[in-house]
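Here chain A shows up in two complexes: once beside chain B, once beside chain C.
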Partner chain A sequence: MVTDPPTTAHPVLELRAVSKVYRVQTTMFNRPRDLRAVDDVSLQLHRGDVLGLVGESGCGKSTLSRLLLGLEAPTSGEVLIDGKPMTGTSIRDRARRIQPIFQDPYASLNPRKTVADIIALPLRVHSIGERSDDAKRVTEMMDRVGLPARMLLNYPNQLSGGQRQRVAIARALVMRPEIIICDEPTSALDVSVQSQILNLLMDLHDEFGLTYLFISHDLSVVQHIASRVAVMYLGRIIEARKSTQLFADPLHPYSKALLDSVLTPEIGMGLPETNLGATFPNPIDPPPGCAFHPRCGHAMQRCHKERPPTLREGSDRVECWLHDDLEAEQTRAVDAQRSTAATPDTV
Partner chain B sequence: MKPLLEVEDLVVDIPVAGGDLHAVRGIDLSVEKGETLCIVGESGCGKSLTSLAIMDLLPTKARRHAARIAFDGIEIQSLRPRQMADMRGDRMAMIFQEPMTSLNPSYTIGNQLIETYLAHRRTSTKEARDRAIDLLERVGITAAASRLAHYPHQLSGGLRQRVMIAMSLMCEPELIIADEPTTALDVTIQAQILLLLAELQRELGMAMILITHDLGVVARVADKVAVMYAGEIVEAGRATDVFASPSHPYTTGLLECIPVPGKTAPGARLGTIGGIVPSLVGDVAGCAFRDRCRFAAPTCAEPAPAQTASVGHSYRCWFPEGARMPSTVEGLVHGH
Partner chain C sequence: MAAVDHNAPVEAAPSPHRAMLRRALAHGGVTIGAGLLLIIIVMAVIGPFLIAHGPYDQDLTARLVPPIWMEGGSWEHPFGTDQLGRDYLARLLYGARISLMIGFGTVFIAGTIGTVLGVAAGYFGGRVDMVVTFLISVRLSTPLVLVALAVVSIVGGSLQVVVLVLGLLLWDRFAVVMRASTMQLRAIEYVTAARAIGCSTPRILTREIMPNVMNNLIVVTTLEMAHAILLEAVLSFLGLGVKPPTPSWGLMIAEGREVLLFEPWLITIPGLALLTLVLSINLVGDGIRDVTSPEDR
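Moving on to the complex of A and B:
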């Protein structure tokens, strides 16, 4: 985890009530229907933040990152950079400030370009500095991400997975952006390489004062690197809090289930029973009320009908009826008793 | 008790440009009835080829030889292809990583489940169909009868993997080999699938070989574990022993790479293993891990002997744990 973000300064990147709706044609004869990939999401990234974004596949994590990169325009709501609407800025401007690192370093590097060309390309596209300085900038950056200079003229297929991801990181950093959107940056790597890349990302964060949005399905990794965590479910952020707090005491039952599912290499713990049920709901047909209620062990009458309001406290928030009022407090207390009595629930 | 599967000195060579790729270099394994053996290692260590070698499903140009591959006392290497095909899917079955590529997209899942059964049992389609429904229900699929008419693409990843498991169970195999069965799935589904496999295994008394790169999975399901590196088993033993006192420098190194909530301080530097896996093309001599090992010494250029950590827990290293000194060998590539 990296230094705590200053909460007073205005965010470097912000989503305000952003939704992204896709029209999808399910079968040839049906009318096209709306898929709310991102549903009324408000999110703030402060300078120096490492915001971890977690959730199951299909929850809208990647759409969210594309919105932040400006690769998709929101259907409604606003994306703001430094308090200014993104729609007013040019792609070039955006790209100089926000850069992505993608999951698969095998697919995200051009196989026909050398390492030097790949890392220098952003400089050329944005006409930064003199062409004659490129080599210097590139070797500096390669050195910084731990790539030996002798690889300058290698092609991606001559590099290992870890080295490729270092190339991708060097390419993202060569223009000295402020914000990096890391979309599962270590998921395709072996654990011994993953730890090297995580160490590198943490070092670079401190050295360049970077801000990260760190998307990952691996909660151990997110807990390790993130200062804040947002949990996404079916297009909505259902809980967003400081990493230490969320991992110590998850408020939303879904966050808790996610944490319970993490398999740490500790012996004698057995397999967790999450009671989540097998099926992730179809995002075209989200359940009414709280979208999580069909899988939730705490679902009450109200959860079936009404969507829980977003409860805020500072920049923390949670969307769950359990935390809405006193009645819910009591339900929780009963549940807590029940779980301490350790009666195994059935699926 | 006699092991259900015994593998001795298994070697898999693959001819490539520049010589032979020694993908699996003389490994020993044994699994007893009802037991779970996890083979763990990083990409390219030969864990998947080991499983394919046992099932006799290696790519045609790969060469397999072993002192012994005995399943229930039957030497698999002496079986004719036809006899092996009868055994596969019947007495030993396999679950692959990505059910989307291992299920046939142009047949319904009902078709595929029923075909598996009919291939091995003299029975009616009706009976096979009933069994398919029964098994789909057993693996937690609701409305199983109506699912039979579905094609693989109509199911979610978790459901497809359940179908794959149901298919592997059609003939009640004695041994299941699961190659990264949950790697393509979400964490929440991963826990469910592993739980399901563990339950079914207990219920049916099957032996299981689970192949994974994830030490978290190993810690939670394994009875025995074999850690593979560069085509060799570098450490093996009961899971409790291996996790309580990991003894090979590679195993300890791997465990240090993984952040463990509650144990690793957030933001602390994670352990790393410098260097890269050596090429296994041509002659491979000595300890394959020595280029990355922080305790490497000149003797490591000779094949490492087996050491015993405790009963049934062994590792392959020149130096027992107490006798290791930080490496002074020149030219070690570290860092990247």
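Moving on to the complex of A and C:
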């Protein structure tokens, strides 16, 4: 650990035991209930990482991304940028370093603005460069994301889905941020366009030295691009490991089920049937013990009552009683590997 | 550098503004309504300069002259004269000014109040929304005409008082519609993107939200303008609107009421004028709602 090079001393972005609880009114007369959309999540993003985040609809992926963007404050826990708490940084500082790319390019561009205005907005808000240079910077950025300059004055309704997503990417990158939070950036697009956009994102990752949190339903996409993968279930990260390891040998029964279902033919059609029988539980009433136990084929007595130990970032781990013993062993192995090799992506 | 995807028609689709203008021109209601409205506005502005008689000039020797299309009518008074011998066309044209001033003045006040309240409630939600929703309920449970009558009878009627009273009463529909449409946009991804860019709240409200709720605002504006014009006519008819020599259409109908059986034109002329004005405003409003395509919203 002493040998870590200075650039990886801090993760560029880190969640420490972060929870987000929403108060929801279920019926008019009941008192409000708590919904733990994100539950005790710890994650680290190192410079250059592509962290894939997968999980079923409603498990809290978008909530997590809003916390990372600083658009919402966590109910408990801490979000840190470069080791400094996010609560201490201004929205504008944060904005210059972290930018989002959203799922639906039909909803993410203001229909009343031209492509030029949309891409130039960050420059104007942050008074970057001379106003007269905006056009140059915008066309430069458009060129980088593969949009011809003749579309400068087009409105979003004049563009295809793929072109719109390129505009959204240009807007996110024009300020040269370090971290991009991609919330299912390809799942609203035609299959033919998906791979173009993915390739573009990966080219830009290398070109600008970006760090990605890449949220996706589509495990095949994640496998393709992510260096690490975190699997989320009911607000908790239940397994987080190197992508190659996780795909070769998933440890958590839920990860296994997800992976098995990848082999079904309809890739890109959202999260496929998991053959898990019981449906996704109501997040307001999560099952006691291990939240996955009603759907788990390996559930034991203690799974019904006791929650498996909380996943801590800093080592590859899994939150499941099956791997309780295995875990300690693995942690030791990883630590050993780290202190000798000191590769930045071992985390 | 990735390749450009060529799978889309780019130059084919017109810009949203131009597309809407094109649809508006092809829409019969908008064309007719806007045309009529334009004629009424032009006549109200320049009409009084084109005729010889003033709206207050009495000529007791020429009382109740019938209009030109009836027996005994003359070009001297194309729309006839009233009981005091005042030229009815002159009064009608001045009355159009009054109605338009009431209409525009009222929606200016009511629109400002309602839009501010509604957008704030829709965007901020929570406590702000609770307060605004409460204000809307209070306003909706207030009998409009009764309150207007009470206030005008206490303070006294004049154009300014009527505009102010109506402006302070007719903001509820603005607030309801602006609240609902802002709420729809509050969590839309381009607004979230603007927040993530670090835009200030006023900037988000004016640049991201307002342009996209404008169509709804225009539709409500037309509805409420027609509403205000009719209410002023009602108040004036009941003697609690603008004060008598002022030629308001409602007042003209009230004054003509006494001789309805013998000189019905005294009522039908201002009545038809009122109908035309309200109808044309409503046609424009309905038309704008129709031609606003989903992708513009």
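Observations on the structure shown:
Convention: the second predicted complex is superposed on the first by the 298 of 347 C-alpha atoms of A that agree within 3 Å, B and C clash if a C-alpha of one lies under 4 Å from a C-alpha of the other, contacts with A are read in each partner's own complex, and residues count from 1 in each chain.
We take it that a residue touches a chain if its C-beta (ideal position, glycine included) is under 8 Å from a C-beta of that chain, and two chains touch if they have at least 3 such contacts.
As the structure is a prediction and not an experimental result, all values here were calculated from the model.
Of the two partner chains, chain B is the only one that A:His217 touches; chain C does not reach it.
Of the two partner chains, chain C is the only one that A:Arg94 touches; chain B does not reach it. Contacts of A:Gln163 after superposition: both chain B and chain C are touched. In the superposed model, A:His126 lies in contact with chain C only, and not with chain B.
Judged by the touch definition given at the top, the superposed model places A:Leu71 against chain C, while chain B stays out of reach. Once the two complexes are laid over each other on the shared chain, residue contacts for A:Asn110 go to chain C alone; chain B is not touched.
Comparing the two complexes, residues 146-148, 160, 162-163, 190, 192, 196, 199 of chain A contact chain B in one case and chain C in the other. Residue ranges on chain C touching chain A, taken from their complex, read 1-5, 7-8, 10-16, 19, 188-190, 192-199, 203, 207-208, 211-212, 295-297.
On the side of chain B, the complex with chain A involves touching residues 42-43, 140-142, 156-159, 162, 186-192, 194-195, 198, 213-221, 239-240, 243-244, 253-261, 264, 266-273, 276, 335-336.
Of all residues in chain A, those touching chain B in their complex are 1-2, 56-57, 146-148, 160-163, 166, 190-192, 194-196, 198-199, 202, 217-221, 223-225, 243-244, 247, 257-258, 260-274, 276, 278-280, 347.
If you check the complex, the residues on chain A that touch chain C are 69, 71, 91-92, 94-96, 98-100, 102-104, 107-112, 121-122, 125-126, 143-148, 150-151, 154-155, 157-160, 162-163, 168, 171, 175, 190, 192-193, 196, 199-200, 203.
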